[in-house]
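When the chains are written out, they are named A, B, C and D in that same order, and each has its own residue count from 1.
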Amino acid sequence: MSFSPALIRQDFPIFERTVREGKKLVYLDSGATSQKPHSVIEAESGFYKFHNAAVHRGAHQLAEEATDAYENARLIVSKFLNAPGGSDEIIFTKNATESLNLLAYSMGNAEGTNRFALKAGDRIVVSEMEHHANLIPWQQLCARTGAELGWFSVTPEGRLDLSAIDSVITADTKVVALTHQSNVLGTIIPLEAIVARAHAVGAVVVLDACQSVPHMPVDVAALEIDFLSFSGHKTLGPTGIGVLWGRKNLLDELPPFLFGGSMIEYVTMTDATWAMTPAKFEAGVPNMAQAVGLGAALNYLSEIGMENVHSHEVALTAYLLEAMREIEGLKLVGPNDTHLRGGAISFMVQDIHPHDLGQYLDSQGVAVRTGHHCAWPLAKALNVPASTRASLYLYNDESDCDALVHAIVGAKKYFGRF
Amino acid sequence: MSFSPALIRQDFPIFERTVREGKKLVYLDSGATSQKPHSVIEAESGFYKFHNAAVHRGAHQLAEEATDAYENARLIVSKFLNAPGGSDEIIFTKNATESLNLLAYSMGNAEGTNRFALKAGDRIVVSEMEHHANLIPWQQLCARTGAELGWFSVTPEGRLDLSAIDSVITADTKVVALTHQSNVLGTIIPLEAIVARAHAVGAVVVLDACQSVPHMPVDVAALEIDFLSFSGHKTLGPTGIGVLWGRKNLLDELPPFLFGGSMIEYVTMTDATWAMTPAKFEAGVPNMAQAVGLGAALNYLSEIGMENVHSHEVALTAYLLEAMREIEGLKLVGPNDTHLRGGAISFMVQDIHPHDLGQYLDSQGVAVRTGHHCAWPLAKALNVPASTRASLYLYNDESDCDALVHAIVGAKKYFGRF
Amino acid sequence: MQLDSLYQEVILDHYKHPQHKGLSSNFAAQVSHVNASCGDEIILNINLEGDLISELTWDGQGCSISQASVSIMTDLLTGKTLDQAAIILKSFSDLMASKGTSAGDELVLEDAIAFAGVSKFPGRIKCSLLGWMAFKDAAIQAQSRK
Amino acid sequence: MQLDSLYQEVILDHYKHPQHKGLSSNFAAQVSHVNASCGDEIILNINLEGDLISELTWDGQGCSISQASVSIMTDLLTGKTLDQAAIILKSFSDLMASKGTSAGDELVLEDAIAFAGVSKFPGRIKCSLLGWMAFKDAAIQAQSRK
């Protein structure tokens, strides 16, 4: 089957609607959240209609079926990521933000000889291109433990500056937490040297894969990383579901984060001990229907093939970058070729403020995002307080890119009147 | 309109199915999770089909519509609880467990003169009938801060023992966190004296309302409490959504919990400041479709009227308690009348282990829960390591109670063979 | 085109030619407000003579709506008493909350009625209020220092 | 009735008349395992003579499946070598994972094949494995102390 965005779009009910007085919806905001195919929406509502019950608890048929469905979703995720330890390595959270906070808080709960216990003199390394979700939790963990935050800076072209890798990832570094693909620049970071250096000093590597897992094959075993997080809602899945993957032995050593039902082994009024991984990290009745929906989303993507999704997006990115080069006054924020680059394309157009540009694009049916894209330090480092971002996905095609380009030209005319 | 469980059941698609080889589904496990009406399932899928976009972010029509839908859900919740400060007092979490952990972690993040900062000598008060979700987070907060955990004990009849209230809620008490209705005993606790004493010593009152908000009118202003949590999935709503309500001035003073996008005011590489309440407590792309689904659930309940739901359940509880009295060898765990009591009814039958009893009931289509019901310390205090729980909701009627009673008698025969 | 109700000529005019931009060297109060969702920033200086707003100056960056709004606001409020300013602020806030159902009170708001169209664009209401919220804050601070 | 495949007579018999119940006063290792989802608890004592399991005793509380399983297990494994026990344990675990597709190897499992029906009830597999997991743990501990 050849890759056809037009056919794919037929699986997504939202494309049957129009926006702004009958205009075709040109959705270029999948970097914020993706649209959902029928199969995902039906998996979630099917759970409620046919199998709804609390998992791991009730002694009845519905509870058995719900548990099966939920644990099957865990298996699907583990296979999608090629988790070496299987489904025990998959923890369901509410979004990637929670996954990263889970890690930071759990490390903060570590004491004594636990490998995750942090103290003054220890170091956590991030980069200047982090989303706030992979920056502030680590800032706060440093504040609580006395550890120090270090970071890779970003080159003017929007690449990680790895020239001083050994003095950024020092011998005292315990955690290296990086975004796999920048949600602003589209940059995909090269991991080999970073992982090698991190492991050489005994640090764990945490990957914020929010913008990579939805868009390209990600094999955690091959990448040799230690933890990874992504969000269901950016991966064709439901809202309210995220994933934390971690190596089994590391998850076993990591203290728990949220406390409550189903994560315990034994409880008295004054003390408690913990269940095994992954139950240890899933307190309370979980987001069952959403996990099932995420399973359906990953099945949908697997059927199309992540290699195919990625090639499609790279080709489309090349097409759009090429077209943008023709627009006078348009300045890219991020790499201007497709080498190690995904389909998040940020830009500025003359002195039209991104918020105004976005508003005009919206009036033409073109949905983009504007602002600092939750990466304010990056915006400051590049001296681009705000930009406009178009982000591509499997349901976009050249006509969407053409519509964007056409609307940008229109905006220049509209705001140039004065 | 008179209250008709039979008509209500028609709104719930799951009752169209059968279990265990064609048996009618007798669902008596709503204390674990409730079933969902069509309107809730459709609200959630409708969000994906027609309005899906990241809230508070994109500069386009879908983002506006999604934001409207999400904020409208917040308004519905605030009205349902009669929140004095309106929708700013409503925080969406993933479940009640997260709501309670949010409080405990946020208090743990408080420092210096912040009213929530805890130190050795301070006291947190819970009860012996707490669900693990309202116990372990406070145990852990005590361990982190050096504060001491105190608790109300439970009388043999399953009531809170308030006889020593002044020595339990001491002058040093900063937090009193109690379950409004026990998920095991059905006991509803009397709040007036507790709230008066707590406020007299300057403590805040946290109500775990998981088992009350779904089943009776709960007016946070009238109760004069300070914080309240409940879960969407027990309230006819979707999984993956919970609520924390708090007084605006208290939420304003409370430090944030999860860190990331949308909860910030300003961010640099080394530091950050926070957005206003409630954004401060909602990091990342939220569980938007689930919030919208919860709004639909509360609208459904409001239309029926929470007073009506409650009277129905009290009447049904009386009916079931009466019928159970006739079963020889059945021993109730919890109050044996309907005074300050909801429809969670736990019991033991002779020496049939609850797990075996539950299994037999399941074979007859009757879904209950067995075990310690995530309240292990209570199980130990009452010397009932495990029990069987039937929990009633608006879609249950006398025929469900009859089916349960009939199946219990059958179980006695089945296991009495040997 | 609906967009034209947002981008009134007077708004784009103030955006291109902002008034009172450039911070005064002395001030009774200085406040800095940001719109965290888009990164817009405004610093506002206020000077009082008794109850009279004698000077409002500002600096900042942001979209046409936020910049034009603060420009028009400083024009409008300079020379007014604090009580008058409070009435104007209230009128402007009400207009922003009107969801496009109000045209605004031209006697009170003068040029600021150009923002009536903004109230139909929920994503932009925060932009147009940024400067006004800064003013509210600055006025309180300046008064509390008297 | 499907339930009968779960509640085999031999299971209910061991439940009513548990074997090897009552903890020995001395032991090479003692372990305590709980099934957190239902509150079942088992304490297991093991004694070895060389590689031979000379004594298994236990105490605990729980449902018929968990209690009968540990009772039958202690009957079965007493007098076996650790290597033989490992084979039996593996065979029992496989049976539990079979989702009702296997009848169990009677030559290896003897009375324990009565649990074949349990594998069709996912909620009960943990119950039947509770004692066996305790044994696995105890055997490792006892050996490491040698």
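In this section, a residue touches a chain if its C-beta (ideal position, glycine included) is under 8 Å from a C-beta of that chain, and two chains touch if they have at least 3 such contacts.
A quick note: this is a predicted structure, and the numbers were derived from the prediction, not measured.
Minimum number of contact steps separating subunit C from subunit D: 2.
In this assembly, D is the chain whose CA centroid lies farthest from the centroid of subunit A.
Distance from the subunit B centre to the subunit D centre is 37 Å, each centre being the mean of its Cα atoms. Averaged Cα coordinates give subunit A a centre that lies 31 Å from the centre of subunit B.
Averaged C-alpha coordinates put the centre of subunit B at 45 Å from the centre of subunit C.
Looking at subunit D, residues 37, 121 sit in touch with two or more other chains. The set of subunit A residues touching two or more other chains comprises 20, 57, 59, 63, 262, 264, 266, 355, 359, 370-371, 376. Within the complex formed with subunit D, the residues of subunit B that make contact are 20-21, 353-356, 359-360, 363, 370-372, 376, 379, 385-386, 414-415, 417-418. Residues of subunit D touching subunit B in their complex: 1-3, 6-7, 9, 12-13, 16, 37-41, 61-65, 121, 124, 127. Of all residues in subunit D, those touching subunit A in their complex are 34, 36-37, 121-123.
By the touch rule above, subunit A contacts subunit D in their complex via residues 56-57, 59, 63-64, 67-68, 262, 264-266, 275. By the touch criterion given at the top, residues 13-14, 17, 19-20, 25, 27, 29, 32-33, 35-36, 40-42, 44-45, 48-50, 52-54, 57-63, 93-98, 100-101, 104-105, 109, 128, 131-133, 135-137, 139-140, 149, 151, 231, 233-234, 238-241, 257-262, 264, 266-272, 283-290, 355, 358-359, 361-362, 366-371, 374, 376-377, 380 of subunit B touch subunit A in their complex.
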